[in-house]
Structures are given as C-alpha cells and as structure tokens.
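Pasting the structures here.
Heads up, the next two complexes both have chain A, just with different partners, chain B and then chain C.
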Partner chain A sequence: MGMLSIYLKPNFLGLLKFLNSVNWCIVLFSLINLSECIYEDQIGKFDWRQTYVGRVKFAQFDTVSTAKKIIVATEENVLAALNLKTGQVMWRHVFESASTGNIQLLHVSEKLVTVSGSNPYLVRRWEPATGVLLWEWSLTLQNEEYAEFSEWWVQNGLLVHMLPIFGSHIEVSMYNLMTGQNRGSTSKLPAIWINEGCALSVPYYTCISGEAGSQQILSVDVTSNSVQIINKPLSDLVQTHEGILRSLDGNSIIPAFILNEKKLVIIKNNQFEVTKVALGDTLASVTIADGTGEPMVIQTWSDSSKGFHLKAHSIATGNDIPEIHCTENIVNIPDPEISGTMCTKSAKDQLVCRILVTAADDSLQLMQQEGKILWSREEALANVVAVEFVDLPVSDLDAAIESEFDQKEGSIWAAFSRRLHTQYQQLQALIQSLQRPEGTKEEDTSPLVRDYFNLHKIIVLVTDVGKIFGMDNLSGAILWKLYEPNLDTEGVVMFTRRSARHPPHDAYLTIVGKHEETSNGLIISLNPVRGTLVGERILHLDVQVMQCTILHQTDNEKLHALLLLDKYENVQVFPQFSAPLVENMFLYVAEKNTAKVQGYALTYDGKEVIAQKTWSINLGGDSNSRHRIVKVVAKSPSERVHSHGKVLGDRSVLYKYINPNLVLFVTEGPDPIHKDVVVATCVDAVSGVVAAAQAHRRARALPLAVHTDNSLAYVYYNDKHRRTEIATMELYEGKQRWLAAGAAFSSLASERAPGVERQAYILPAAPTAAASTDTERSLTDKHVLLALSTGAIVEMPWLYLEPRRPVTPSPEQREEGLVPYAPELPLPSEAVINYNRTLHRINSIYTAPSGLESTSLVLATGLDLFYTRVAPSKTFDLLKDDFDYYLITVVLAALILASYSTKYFASRKMLKLAWK
Partner chain B sequence: MRRNFFPNLILIMSFNYSNYYICIDYDGWLNIKIEHSINCKSEKYCQRGNVSLKSIRAGTSVIEQIDFNQQHIDELKSLAELDGFYSIRTTVTSAENNKGTEFLSSMKAQAFLENGLSDVINAWVLPSGGVIAVSFQTTNNTQSIHHNGKAFKIYSNFYLRHIDQAPVPDTASYIQKLEREREAREKGEMKDNRSFLAKYWMYIVPFAIFVMISGATNPEPTAQATR
Partner chain C sequence: MKCYIALVLLNVFINVLCASNPIEEDIGNGRYAIEGRVFPPEELEVGNWQVETRVHVNGGEYIGFIRDDSTFVVRNIPSGSYVVEVLHPDYMYEPVRVEINSKGKYRARKVNYIQTSQVIQVPYPLRMKALSKFRYFQVREQWRLTDFLFNPMVIMMVLPLLLIMILPKMMNDPEAKEDLKQISNLAKMGEMPEMSEMFTSLFSGGASAKASTSKAKQVKKRQ
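After this line comes the complex of A and B, so read on.
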C-alpha cells in the first residue's frame, strides 16, 4: 500500500497540474457564453428598428403594378418603394453614400429605370414589385467638365442625356434604354444663348438671354430632329425687364416654367402661352397634373400667418377646382414641395388625388385632395446628429410618497396627518382604478411615468435639418416634434439640465447649436417629456459660442446652470443668478484643424464669471505641422467607478488610474518619413498635463474611440498592412495606491504619471461607430459595441480588448482570467446584437444606463434607427423571460399543503400511539 | 586631418545611443524659454529661465533659472490668497522650428509656495521631434521655501518624455506560439507510445480495487435479490 501511494502521488499531482492547465479552457468556455444572443421568440421584444430613406429627391407613383406604391429616390442615395396605403418601406436599395451613388434620374412606367453615379453613370432597371435588379449598363461621358449640369430623362423608350455648355451649345445624346446603344451620334445644338439661369421643362430648354432691357426668352426642343427655336421678347410676356426662370416640381405632364415667380408659362404648339393661373406665393411649389380630362395646375405653399395652402386650377380656364382645396390650418408643413401627384376619377365621377409633399423639415406626406394627410414619414430621422436619453417623471402618487419621506423636519403630528392624507389619496386612486371599466385602456390617458426598473425613457433626437424629436424608447413612437429652421446642427450639444427626479419641477433639456445664417449661438430649452419650450425657450445669442457645459452644482430649483464660453473668451451663465455657484470649473477648447488645445479656469470674482486661460498645448508639434484632431473623447459625466483596482493572480491589487478629467485626443498628420502618423494623447483637461501618449506610423485615424473607466480604445487604419486595427490602453497607478482610499482626486495636485498597458488588435471588419455600454453603478462588465459596415452591431467584451492579454499565460494570469493573446479579434455572429436586422450606414451608437444594473440601453443611428438593450454580464438581477411563475406557485402551494397535512397526520399518529 | 575628426565623433555617439530604444526619427537641439506672469513690470510675461538640450535623443538638459526675490514671493502670496494660478509661458525652439511654439501651463500659487518653489517640467516630444506639450506641476516637497540670503531658489526637474511608438498586432509571436504548440503536440504523440496498461494503470488499478472490495464485502446481494 505504501508503495502504491508513492507511485500515485506524483501522478496525482500531475493530474492536478493538468486540471490547472485546463483552467483557462474553462475560462474560455465561459467566455463563449458571455456573448449574448436572443431566442427566436424574443425578436422584437426589447428592440425595434425603423427604416428611413432620407429626403426625397424624385418620386413617382407606380400605378401599373398590382400593389400600388410610390417609388422614391432620395438625397441619401436610396431607392425605395413605399406602400401607398401605409407609407411603409416595401423594398429599399442603399447605394454608395459618395457621389458614385448619387441618383440622377428616376423613371417609372412599366419599367423602373434609374441613372446613378457621376461619370461613369450606371443605368439600371429594376423590377418595381420586388426591387430586383434586372440589368445595368454603364455610361461614361467624354466631356467631364460640365457633367454636373447634365440632365437626364426618358422619352419614347430612349434615355436622353442633355449636357448644356453655357454660352456655346447643347449636347444631346440618346441611348436605347434596353441595350445602352447610342442612337446615332451625339448631336450638338448650337446655342450661344444658354446660361446658368436656364430651366428645363422636358423636352424644352428655356433661357432668358440678351442685353438688359431687350431680353429675349428662348426655348428649344432638344429632342426634335429639326432644331426649332422659339423666340419671344421678354417684355411680351411680363412687364419687367428682368427675368428669372424656375422649373416646375413633381413630374409635370406639360412643359412649363415659372417666370419671375409670378407667371406660369406653358409651351404649347411651339408657342409660349401665359396661363391665367395665379400663383399663390412666390415660393409656391407648382406642378401640372393630369386631372383626368384636362390638365390642372396644383400648387402648394405655406406662410407664417395661415400655414399650409393647397390649391388647384384648371389650366385652360384658370378656374379654381374646388375639390382640391385646403387653406385651413389643419397641418403645419414648412415650405412644402410637391414631389408627385396622381389623380383619378372615382366611380362617382369625383376627382381623387394623391399628392406627395416633401417639406423643408424633410418630412414626407401623402395627402388627399382636401389636404387630409393619409400618412407621413419623418425622414429627418435618417440624419440624427445628437441623442439624449431622458428619464421620465415618477407618477403623482410616487411623487407624493417621496415628498412625504423627504420632509425630515416637522412635529410628529404633522407627519401623522401627512401620512393619513397620503393614505387617503392612495385609497382614492385604488377606488378609481377599480371603478374604471375593463375595456378602456390605460395607455391613452395616463401620462408618461417612470416604470419600476426605469427602462422606459424618452429619447430626444436632434436631426441635421434642425428638427427635434421626442421618442418613446419602448415603442419607438414619436411623442413630440419641434422644427427650428434656423438651427444649424453642426457640433450641436445637448444637456439634461434637470432630470425628472425633482418634482414639482419638470425635466429641462437644453440644445446648444448655431444659427443657420450668422453662426451665432442658438439655445433651445425644452421640456423633454412634453416637447414644450421652457426657460430660455429659443434664445438667439449675438456671439459665436466656442464651448459650453453645465455646472455640477444645482441652484435651488435643482437646475444645472448652462455655461457658455464665447469667441471673445467671455463667459455667459444661464440663468444669470447662478453665476456665484461657479467654482472649480474648467473648460477646454480644441481646434480641429490646427490640433491646438487650450484650457480655461472659470472663476467668479463677485460680479461675473471670468475665464482665465491656464494651459495650452499643440498636439501637432507646431502650428504648421498640418496635424488635425480626428476624435476627442472624454469620460461620460455620469460615469461611476465601481472598483478601484484589479485583483491579480498573486492576490495583489493593481490599482487603476482613474482621472475623471482625462480626455483622449486622436490626431492625425503627415510625417516626412512615415507618410501619415496617428497620435493618441491622454490629456488631463484641468491641468493640461499629458498623462500618456503613443504614436502609430503609417496609419490613418478613424473617428471611433471609446473611453471609460481607466481604459481607452480607438480604431485606426493601418496603411502598411491595409487593415483596420484597434489600439487599447489601460492606465494604472501600480500596486500601491497614490491616494488614501476615499480621498478625492485632484488633477492639480498629482504629478505622477500613470503606468500604461497597451496592445493592438486586428479588427477583421470595417467599423463605422463605436460605443461602450453604460450601466448605473458600473458593476456590470464593460462591453464595446462596434457597428460594422456590414450592417451589424457587434458586442465585444472588454476581456478581448484588454491590453494585458499575455501570449503565453502564466498560471497566475490564467487564474486571473486573462485570455491568451490572439492578434485578431473574434467577431462571432452570436455577438451581433441586431441579429439579422441589417442596419445601413450606422454612424453613431448611444448608450444609456437603465434602473436595472445589468441592463444598458442602446440606440444606433444612421439611415436606420435601431434600439435595443444589452446585458453585458447577463441579466443577473432579472428573472428569465420564460420563468415559470405558475409552476413555482403550484409547487409552493403543494409544499405548504403537504407540510400541513403531514403535520395533521403526524399528530393523529401520535395520538394513536399514546392510546396504545 | 581636422575634418575627419567630427564625423568620427558622431559615429561614436550614435553607436552609444543605438543601445537605447528610443523611437525618434530626428535628433537636434531644443531650447525652451520659460516666462512667468509674476513680478513683471509692464509686460504680461517676463523671463524666468531657460532649459536647453543639446540632443533630444540624449535628453540631458541644462536648466538655468532666476532666483525669486521677496517681490516674487509677495506676488505669489497675494495670488495664493485668491486661490489663483501661477501661469508659465514657454516657447520651444529647435533647429527645425525657428519661430518657436508657445505653450502655457499653470500651477496653483498656493501649492507652489507650500512645496518650496519646486516643480516638475514635462516636455512631450513626438517621434518627428516636435514638442506637443510643456507642462509644469508642483511636486510634493516637504521642505519650506529655501531662503538663501536675499534670494529664493526654484527647484525644477526637467523630464523629456518621448511619445512611444504604439504596439502593432503581434502576429509573429502568436504564430510562433502556435508552431511551438504544434511541435510539442507532435513530439508528445511520438514519445507517448507506451502500452495501454502503462499509460492508464492509475485509473485501472483503483477501479479494479473498487470492484474487488465491493465484490468481497457483499457477495449475498444477488441471493437476496431473488427473495
């Protein structure tokens, strides 16, 4: 036996060692489980996707197919079919976002033909019902110089391309639409009278030419074989000597144009004919539609006093057609533009019209003849520039309870009476809820209130055109919208200045942008729950804003003051009486193109807030180095740090360098030896001290970076290896704490530089957006969300991006759970959070914490909007979706029953025993 | 003969420094002019000192700074009372950059006084030789202001910080590791050609013992099962 144990012992140890080495395998397997994916029945349960097409450029009704639809081509280079009844996207093709995807022509008859690109052009035919591409051929122009003025249309089965060369001639080429064969040679019509102010009204090209005072109006049918120029002195048509031409909108059926924004002139039998139709407004959008029998002029415009107008006139008589008339202020459509019309006669010989209207706010409306809107699409949402998640207010009842427990002072009797009062209220609410009939839904009347887990929020979205939306995050429904035409949204920022947690005060959100014309500051303050303007409302500053922020402290109305640093380094505080609260405030201003960064300290001197420039650095080296800042990422102001250190395998603690003021700057610039260099610099924004920096040679920066806790990651393109890589950094204080536990960190009093762990990984995809998950207390793991050009959003655990991943892990490192190094990052399909719902052109991902620690809310914006929630460490604080409440109730009840019955039987047995 | 001397010297120096791994493509002199905002008569900034480096690659610096007099200290004290900043403007000139780049840095006057006028100067240098930041920070110095007759001495430490080249994805060592693992596996397979019993005796013997013991202790159960 003794011998056996001697033999066994080393082998037993070997077994243990083997098990230990298997350890990291276990870690790996557990990692595989980390990647979240959902079950089939959970599709659409926590997430929604909204598809958009962008501002409509061309639209035509497809009346030939059985399923009636509208084919649209948009400014976003999207070709799509919209359902005529609902406005939903039936099919959609997203072309390249560059000029190669630019749609030049949309033609719908039995066939759907598009011309897209810019020299070479692609002529494509699509199946209108399914959107399948049937054929395509390409077309290259010889004369590229004037290509941007070229015009396309389809006439008699031929694709016509017209290229006006101003002051010289018109080149017209015709191609067989099916084969792409050129019908003969390109014809050149001599026309020295053409200029930039000409208008095309297919097939006529009309210009005003000549000396001032004796101007002629000339027009030519560019497609006819015999060149016949229609010529008339301008004074014959209008009294003035000046002339401005404008083409009509929305696929006019008769060649016509608008002269001097007043007169509608049609070309009939090679003659100009001024119609009797009066234009309602100088900016009216006019089209000529087939009114089944006689052509009619439909025009629409909006003015500030009466709002939207829609009118139609007979072209022959100039009489008003009363069936199409809308002057009542039922809808508000800013600067409407007719994109397409379709009129038919109904069975009762009534005129039925469908008018597609695009507004200045990019919205798309389909109207009936009386101006009744059948459906509308908010295409502004295809260009979201800023997003903020806003908490909902608590219900009145909860607010009462909260205020009850808030009040600390007061006598015991006051507290007692308050208690009685609130209980009475609760009783009332209960009775009311009981009295309410079963059928009526609560949703219709109930105000938006916070749910128990704070998962229900409002998403405020600012779009490129200046339209602001409030959206319900659970359903994606638009709750309110506000259009501000003067808002230039370049670099717009949004601040939640007061959350809804402070009843009776409402939530308060401020948007700081620029004025469209003056570039001065424009501040919009609103209530994010209802969309009504509050406080400063729409405030137009008389100076350009350089930087803005909100104060940490609140005033007595729980409002964070807004601080603006203007171009002349003056500070403005809104509201003004909050100025004395400014204390220990620091700002930084980064110039994008010169890579110069400056820091300011804001102090209150008893009268006003002054900004003192305290530091300035030049990330490019010197001012003519042509370095530019590609991305600046600071930590989220609401970020919390859960743990200050990491426990290593040898049971020591590696303390994190957690500096809330740290900002990552990613710059890019030319280099004499290495072509381009990318430099990542971590700067303390308060003291201006560089904490860490690293440089990449032969690389180009991408504007994607993540900065959270002590970890940073940014994406760059490696020119040498022609691949996208992601560099990660982690900053550590070391094994010893610099400050005592709980001591406040001060940027101005720490001169030590942190240790930096760095690593780079290959990203085998092209990312378009990056963000890190955000939870309330940061207990949950951090995952990085990467949007890829393939249309997927991948959830990448930080464990993979960790710079401390060792090539050959030591036992301690294995125990710590470090994954062995692999140069390429895995992108498993299970980690795609939008499963098979492809998202086009994602440009940003926004995350927000929810009331559940495990869950982070995610909104991806781009051409589409996609909302979901992710749980990086799984839903540890939530029961599973398919949790069997019924079973557990039955089991519990059965157990209780069983315990009582056995008790009864036991006592009976005891009794029997006692009698024996 | 004299002409040959210089290239030789440079050669020797570069041999010396090739031992260090400093990723800098360019070497040259660097001069940092330091100006501060206290006790200047009419201008906003006046001379505080100068840091000069013969070679960026070597990083050895010569710091010359003025001594503070009582007026300097008084002005610093009045700044400290307001919790104000003591600002330092630096102008960096090098062989490539004759015009000079200006940087600004500030310290809390209070902290500067408390730490006996000692500070740390960090200058960050790009691989191309350009300086991106010069920052001043107070150090934790317990000694009070050193009074030397009439003058007060400033204690400055200058560090030239090179921006490192970032790591690239380490494919080579990963492939090597895979190779090694593969070789180890192949070797292991070749070596381990012992018989089945020799390999797995430690599992077989306990099992056999277990069977034997269980067979020896209760031979009856089969008989009982028939009951």
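After this line comes the complex of A and C, so read on.
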C-alpha cells in the first residue's frame, strides 16, 4: 500500500498536467476540424432558393395529365413544367447553355416532344407528368448553311422539318416520331419566290414576292403531296403595294398571318381570306384559339395611357366576345405576347379561359378571361447581371435618439425637455406594440428598418433585360421593381452613393449602363429602399462612357459624387458642384480585346475636372500579341485590413504588402510554343507599376478570380493535364516594415517590389463562380466560395489555398498552423453551403458584410437565386441557436442551493465538534 | 455467384442495346455518343429519380438525361477526352474519364487528377453506381449523461476529488494520513465569502508543502 502511494504521489501533479494537455489537444483539434456545416434543423432558416426558367419561348397547356400544368421551353434552354394553379416549377430540365441546348420545338400531346440543338439536332420524347425521358434520337442535316432558318413542327404523328433555301427551293423532310426513320426521302419544292420576309403558319409557308408595284402574295402547303401554290396579287388584299408579313403567337389553331400589321389573313380551303377582325395596335400579339365551338382571335397589347389590353373576336363574324375583356387596369405588362391559351366551357356554358402572357420584361403571367392575374413569375431574375446589398435606414425612434446626441449646443433645459420628449415617444411606441394583437403581426412585418445586427438588408438586382428589383434579403420577397427598356446592361455598374446611415437623407443608389440603341451612357438614380427615382432620375448622356467611379469625399448632403470618364477623355461630375472635391483621384481603363490598360489622374483646375493620361501598359507584351483580358478584380472598396502582418512560428512577424490600389488582371493569349498562355498580372492602378506577375503555359483562363487583403487566387484550365487548377499568390513586404506603423500607404512613393509566395492546387471539379467572404472588420477568417458546375457552392478555407503550405512542415510551421501541402484540394460535402438544393448555372456569387463580425451574407445568381449567410470562423459573437438556457439555469440554481446548504451543514458540524 | 451472373446478363443486355442501335454510334460526321447505365441507390428506386439525376460531360458542356430504363446516352460529342459525372443532390457517384480517339474507339478509366497518365480501366458502356449518400449536415450533439461524465473537464474535477478523498481512506499508511491531514487542514472550510483567501492559501501553502514532502520522498528513496 505504501508503494502505491509512492507511485501516486508524484503522479498526482503529472496527472493534472496530463489532463491539462489533453485539454489543449481538444482546443487544437477543434481548430483543425475546419469542416463546419449547418445542422439539419437549420434548413431554410437562414437561406432561401428561388428557381427560375428564363424567358418563355414556347408554352403549351398540358390538359391530358391529371395534374394540370403548363409545359414551357425557354430562351435559357430550360424545359420545365409549371403548376397551372400556382406557377411553381414541378419539374425542370436544364439543357446545355450553348447552342447545343437550344430548344427549337415543343410539342405537347399525349407525350411531350422537344427538338433541341443546332445541327446536329436531338429529338427527345418525355413523359409530361414526371419529366422522365422516354427516348431520344439524333438528326444531322447535310445542308449546314441554311440550318439556322429551319422550322419544325409535328403533324399527324410525324415530325416535319422544313428548310427554306431563299430564292431557290424548300426542303421538307418528315420523320417518324417514334423511331426517327425518315418517311420517304427529303422532298424539294421548287420555290424561287421565297425570301427572308416569309412567315410560317403551319403548314403553310407564305411570302410576298415580286417587283415593287406588282407584288404577289404566295403560299404553299409544304406537307401536302401535291404542290399547290396559292397565288394572289397583293393589291387584292390591301391597298398598298408594300407588304410585311408576321406570324401569329402562341400555337394558333388555324393557319393565319398578319399583313402589314393591320389585317389578319387566314388560309381556308387553299384560299386567302381577310378576316373582319380589327387589330387593336400595330404591335398587338395575336393568336387564334379554340373557343369551344368556333375559333376566336385573342389579342393583347399595351399602350401608355390605359396600360394592358385584352380582347377577343369571333373569327367568322368579327364580333367582340364580351367574356374575354380586360377590365382591370394593369400597367406593368410592357409589350405583352401571348404564349399560350386554353379555353373551356364551364358547366354554366360560360367561357373560361387561361391566357399565358410573356411581357417584354421577361415576366410571365397567367390570366383569366377578365384580365385577372392568377400568378406571375419574374423570369428576368434568371439573368442577373449586377447586385448590391443596401443597408436599411434606422427606425424613426433610433434616428431621434441619434440626433439628440448629435446636438451639442443648447441649454441644459432644452436637452432635458428633448430627453423627456423622446422618452415619451418610446413609451408610446411600447404601448402601441403591446396593444397590437398577435394576429396582425404578420401583415405589417417590415417597416423596413435596420435590425440590431444589421442582418436585414435590401438586395438591389439589375437584370439583363433592364428590369431592376429590390428584394428583401431575409425572405427573398420582391419589394419593388422598375423596368427600364432602354437600359443595355452590358458592363453595368452600381454604386451606393449614400447609405441610409445619414438621416434625414435617404439612401441613394446609381446604376450606370448603356442606352440600348445609341450605347451612350444611361444613368439611373434611385432610392434603393422604396424603388423611387431620385436625383438624376433617368439621365441619358450624349456620349459613351468609358469608366466611372464615385468620389471618396462626400458633399454636405453626405452624397458621393459620380465621376464619369467619357470616350473623349472628358470628365463629368454628378452633381456638378462637387467638382472641387476631386483630389487625388486615379482611374484606369482596360480594353478587353487588346489587353491594353491605361491610367488617368483626375485633377480639378478651378473650373473643371481634367483627366490626364499618366501610364499605359500592354499586358500581352505588345499590341499584336492577341492577348485578351478575361477577368479584372480590384479589392472591394469597403474592405478593411485587420492585421498588417502574420506572426510566424519563430516569433518574428511577416508583414503583408497591403496596397489598396492593386488590381489583378488575368489575360489569355496564344503562344508560339505553348499553344495558349494565361498571365496573371498585379498592377498598381495609380502608378502603373507591375507588382507581381505569373504565367501558366498550355492553359486557358477562366473568368474566376478572388482578390482580398494581400492574397489573390485565380482559376485556369490546364490543357496539358486536362484539369482545373487554382493558383494563389500572397504578397509580403518581408520581415521589416517598409513604412512606420500607422503611416498611410502611397502608391507613388513606394519603389520596392513585394515578395510573392505562389502555389497552385488542383481543383477536382469545374468551377463556375468564385468570391471571398466579406465581414465588417475583416477579423474573421477569409473563406473562398466556389460555385461548381455540379450545382454546389463549396466554402473553401483560405488555409487550404494558402501558398505557404509547406511540403514537409517544420515544427515552427506546424505551430503556426500551416497545413502540409497536398496537390488536390478537398471538396467535402460538409462544406457545401447550399446542401442538396442544387443550383443550376451559377454565374456569380456576391458577398456583403453584416453587422455581426462573424457573419457574411451571400447571394448566388445564375438560373436560380440562392441566399444564405456564412460564418467562416463560426459564430463566435452569437450564442448557438441550440443554447440550452434551461440547463444552465438549473445548474446555476442547483449550485447556489448546494453551496448554501453545505454552508449550513458545515456550521452545524462545527458546532457539534465544539460541544464535544 | 448469382450476382456475377446477373452482371453478365446485364452486360449482354447493354451490348444488345448497342447492337440494336448502330446508327447512334457514329453519325458519320465525327460525332460520337457516350453511353452508360446508372444504378440508383435502393432507396430511390421507387420514385422518379431519373428527373433528379443528371449526366454532365466536362462540367456541363454536354448534358445527358436518364431514360426510364435508367440508361443514358450523351450524343454528338467529337473525339477527345471527357469527364463524365452523374449528379444527384443526395447521392455521390464516382466520375469516369472517357476517351474517344479519332477512329471512334472508346476507353473509360478512373479519373485521376494527380497522376494524369495512370490508367485504371473501367468497363464501357459506363456503369455508374451510387457510392454513398452525401453528408451535408452536422449532427446536433444531444445531452447524454455519459457524455457529461466523460467530458474531460468533469473528469478533471472528479478524478482529483476521488484521489484526495477516497484513496487515503483505503490505505492505512500513517504517512499518507499525515499528508491527508495536511491537505484537509489547508482545505478547511472557512466562511463562504472568503473564497479568495482560501484559494491563495491552498495554492501557495499547498505547493510548498507538497514540494517539501516530495523532496523528503526522494531522500528516502535514495536511502
């Protein structure tokens, strides 16, 4: 027994030490275990997904299946089934985004048939109820030249392909839908009278031909065995001698066309017949639908005065059909187009119609006969081109408190009365909130004010078609929308020129784009919270814009001025009185196709702002190197730097090269020896100095790059090894600081080149978008978000991309936390932030900081929209949402109880001892 | 053995399929088709998993859809090297690299991004089997008594307590008793609020006492 105690005695401290080290191990282990993901019960708590299909190209009602639906094929090469009642996507197939996925035909009968691609074509047959592919066959045309004019339709169970060869003949082939066997050979109809202006109204092909003055209108049924050309002088149908043909929209049931945007002509018994139906507008969209009994003409158009119109006429008599008439005043359907109609007679012998309307702003509406919108889909959001997160304004009460503390002047009594007043207001607000019954809470959910952690924001989205949306980030609900048909969104940029932090001024957001026709600058300024136009409103410039930016300084209304550099190197400032504020401004202009970059210095000479060319470089070496810029990334202007250096294992500090003006250019070009080369160049945009560069041979660049702090990453495809690689760089000043601590960095004063750490890693997937997380003070780790073609967004810690990862780490490096080098990056499923919600064709990821340092807001755009929030270093500033308040209360109460009871018992024992 | 026969049969079936559709192999313009069959996990076999599952060739450059008999054909592909992936939101499939040479010969092999020249052939037409289910979510830790007891912090608290309280009672060694007395003297319960004083006395006094005893031990040992 004595021996045991001897052993135990010295071991007691040892055990404590051991336990302590175990504890450390646990801490370390938790650091290394970087794979973090959400819990299963958090699905949909912080994230939402919206699925879109794109602008509808073809639509047909499926009335055969039990679940009624609309089958649509879209410009985005998507085939989908929409629920007739709600408009939700029931199933969806996403085809190739290139021309190989282009849908040419949609035919719904018992089964669904599509023709997609562009020579070779693929004919597929689907089950409409489930969306399962039944069979497919491929078809190649010999005549490549005119393939783009080919037309497809289904007639009597045969797939008809018509290929007009203008000025010569029409080639018609018919295929058995089931087997793909060509039924007979391709027939050639001699028709020298066909031209580009012809219109197809199945199965007739109609043209206007002949010399001016004596024009003829000709039509031929291309599927009939006997070639019979219907021929009539144009002057018999219309008074004029000129003629323009237009086909009808939305699966017309009778062959017909519109002549000269005025007359509706049908082809009946191989004769042209001008109907008595009057067209409401020259741009009216017309279709002929089965009105259960007699065919009727349905037309829609919109004008500026009354908005949307919907009318129907009987084709035989030309009389109005009163049941179909838009009675409601709808203003927001610009240039409607009928995509499909379905009319049935109800039990009471009333006409019930469903009309599917696609507008110029890509929105899709399903209407009833009286113009009531059953549902609508904003398909413009399938093509988002620019995104900005905007803070919400503080509530009136908070604003009052802030202004109270802002006011320094005034007597003590004034301050006291103000205090009383605000407290009275607070009391009122409290009483009001108490009085409000529980049920009404849902209705007025958001008075759109900032929440405590600034997690509630507005996302402003600019779409390709020119529609601008304001979206609530927590729910994904659209708060406002604005359609600007003249906005060409190629290269559009958005600036928050005033945040909502400056009451009484409202937030101010400016969109700089191009005019659709003139490609001159188009500026749209709006209040991002309400969606109303402010300031410059919609301003159409008379010159093309080359580059734009906003000033750092604000004017007395806290507004950042907008600076535009136009094609003639003149500078425009909005508002103009802010011109004297221009100081130390530099701009660069990069030409995408020549890889030439020029720098400008902007100065104010007392009258106006002048742009002076200061530097110019050719990233491809010389001007005929045929290099082109694939991606340009500068640092986010709102980015902060938390620490200027890294502490190494040997207790020395490695200082980062932090240049706010550094821009990464990724270029690609041909090379005589190595086929293609990808060059990444870091250029100081103020001085034009190249800070670092890296070339990759036999590679093709992908437009994905990340630039934050002192670290850069870009993605390229390695042609030699046929794999995607991600190259990373980190720039360091070295172990000595170049500038004294706290001194401002100046691009013009620094002459030294930074040290560059480089590394490349294999990415075992095909990435489509990349972004880095963004937090308010950059205290939190940076993670890189990579969207993959599989439809997943993977959160990749920078630790894995770090170029300093050693092959065999020394103890010091291990202490620093560097992960040993491995050529392939792990893509664990735990790191997928959108879990099993697959996102198709993600093309951008946008991140924004929130008021919580740990949390970054993420929006991925593509065919779908996906919003979530990520916490790269875990939510260190929030209690976990499964925090057990109950347990901790019980434990605390029990401890207090135990301590007092033991105290009582101890004193009793002492007393007893004393009495002994 | 049964399984093997089934596989052979399946192979035959695929071969027959290919044979019946000779036009699909080569259309004559240097375009080829990649064929295969997807084996869904058993849980999915009843639903229409075909709609959820996609076949991507080179990350979506060419897309194939799965027919209701669970085969797929990706058509109109020029000769070259392609990575074929079967994608499902919940199940993982291993990608395969398919090489089609200019004569139309097919070779399927495992994807190896690191040693790109290494060839481990897999059968063609492709047979894609679901490997496992994706684990997207963390499991929430639940409060269990065993977890609590084996928590290192709890062990750290309880074990010393055991050592201090129970062990000396077990041994009748007078020396140990003396030690224990010393310890209990030090840890003598004062009034509740004077915790700090107690701690300081415990740490400073305890340490010196322990040091002296251990020294004494060492001396003893040497003797």
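Convention: the second predicted complex is superposed on the first by the 845 of 916 C-alpha atoms of A that agree within 3 Å, B and C clash if a C-alpha of one lies under 4 Å from a C-alpha of the other, contacts with A are read in each partner's own complex, and residues count from 1 in each chain.
Note that in this section a residue touches a chain if its C-beta (ideal position, glycine included) is under 8 Å from a C-beta of that chain, and two chains touch if they have at least 3 such contacts.
Not measured: the values here are computed from a predicted model.
*Asks:* May I ask you to decide whether A:Y604 touches chain B, chain C, both, or neither, giving the answer as first, second, both or neither?
*Replies:* neither
*Asks:* May I ask you to name which of chain B and chain C touches more residues of chain A?
*Replies:* C
*Asks:* Can A:E127 be said to touch chain B (first), chain C (second), both, or neither?
*Replies:* After superposing on A, A:E127 lies in contact with chain C but is clear of chain B.
*Asks:* Touch check for A:E136: first (chain B), second (chain C), both, or neither?
*Replies:* A:E136 sits against chain C, while chain B stays out of touch.
*Asks:* Kindly classify A:T838 by the partners it touches after superposition: chain B alone (first), chain C alone (second), both, or neither?
*Replies:* Only chain C; A:T838 stays clear of chain B.
*Asks:* Who does A:P823 touch here: chain B (first), chain C (second), both, or neither?
*Replies:* both
*Asks:* Going by the contact rule set out at the top, does A:F166 touch chain B (first), chain C (second), both, or neither?
*Replies:* neither
*Asks:* So, A:I762: does it touch chain B (first), chain C (second), both, or neither?
*Replies:* In the superposition, A:I762 contacts both chain B and chain C.
*Asks:* Of the two partner chains, chain B (first) and chain C (second), which one does A:T808 touch, if any: first, second, both, or neither?
*Replies:* First partner only.
*Asks:* Which chain A residues come up in both lists, the one for chain B and the one for chain C?
*Replies:* On chain A, the overlap between the chain B and chain C contacts is residues 4, 8, 762, 823-824.
*Asks:* If we count contacts the way the header does, which residues on chain C are in touch with chain A in the complex?
*Replies:* These residues of chain C touch chain A: 24, 27-29, 31, 33, 48, 50-51, 54, 56, 58-63, 65-68, 73, 75-76, 81, 85, 87, 89-90, 92, 111, 113-114, 116, 134-140, 143, 152-153, 155-156, 159-160, 163, 167, 170-173, 175-176, 189, 192, 210, 213-214, 217.
*Asks:* State the interface residues of chain A toward chain C in the complex, per the touch definition above.
*Replies:* Counting only chain A, the residues touching chain C are 1-2, 4-6, 8-10, 12-13, 15-16, 19, 22-23, 26, 36-41, 91, 93-98, 100-101, 117, 120, 122, 124, 127, 130-138, 140, 721-723, 762, 764-766, 768, 788-791, 823-824, 829-830, 832, 835-838, 841, 882, 884, 887, 899-900, 903, 906.
*Asks:* Over in the complex, which chain A residues touch chain B? Could you list them?
*Replies:* Listed in rising order, the residues are 4, 7-8, 11, 598, 601, 612-623, 625, 671-674, 677, 679-681, 683, 687-690, 693-697, 718, 725, 727, 748-751, 753, 758-762, 807-808, 821-824.
*Asks:* Given the complex with chain A, which residues does chain B contribute to the contact?
*Replies:* Residue positions touching the partner: 23, 25, 85, 87, 97, 99, 101-108, 111, 120, 122, 124, 126-135, 137-140, 161, 163-171, 173-174, 177, 202, 205.
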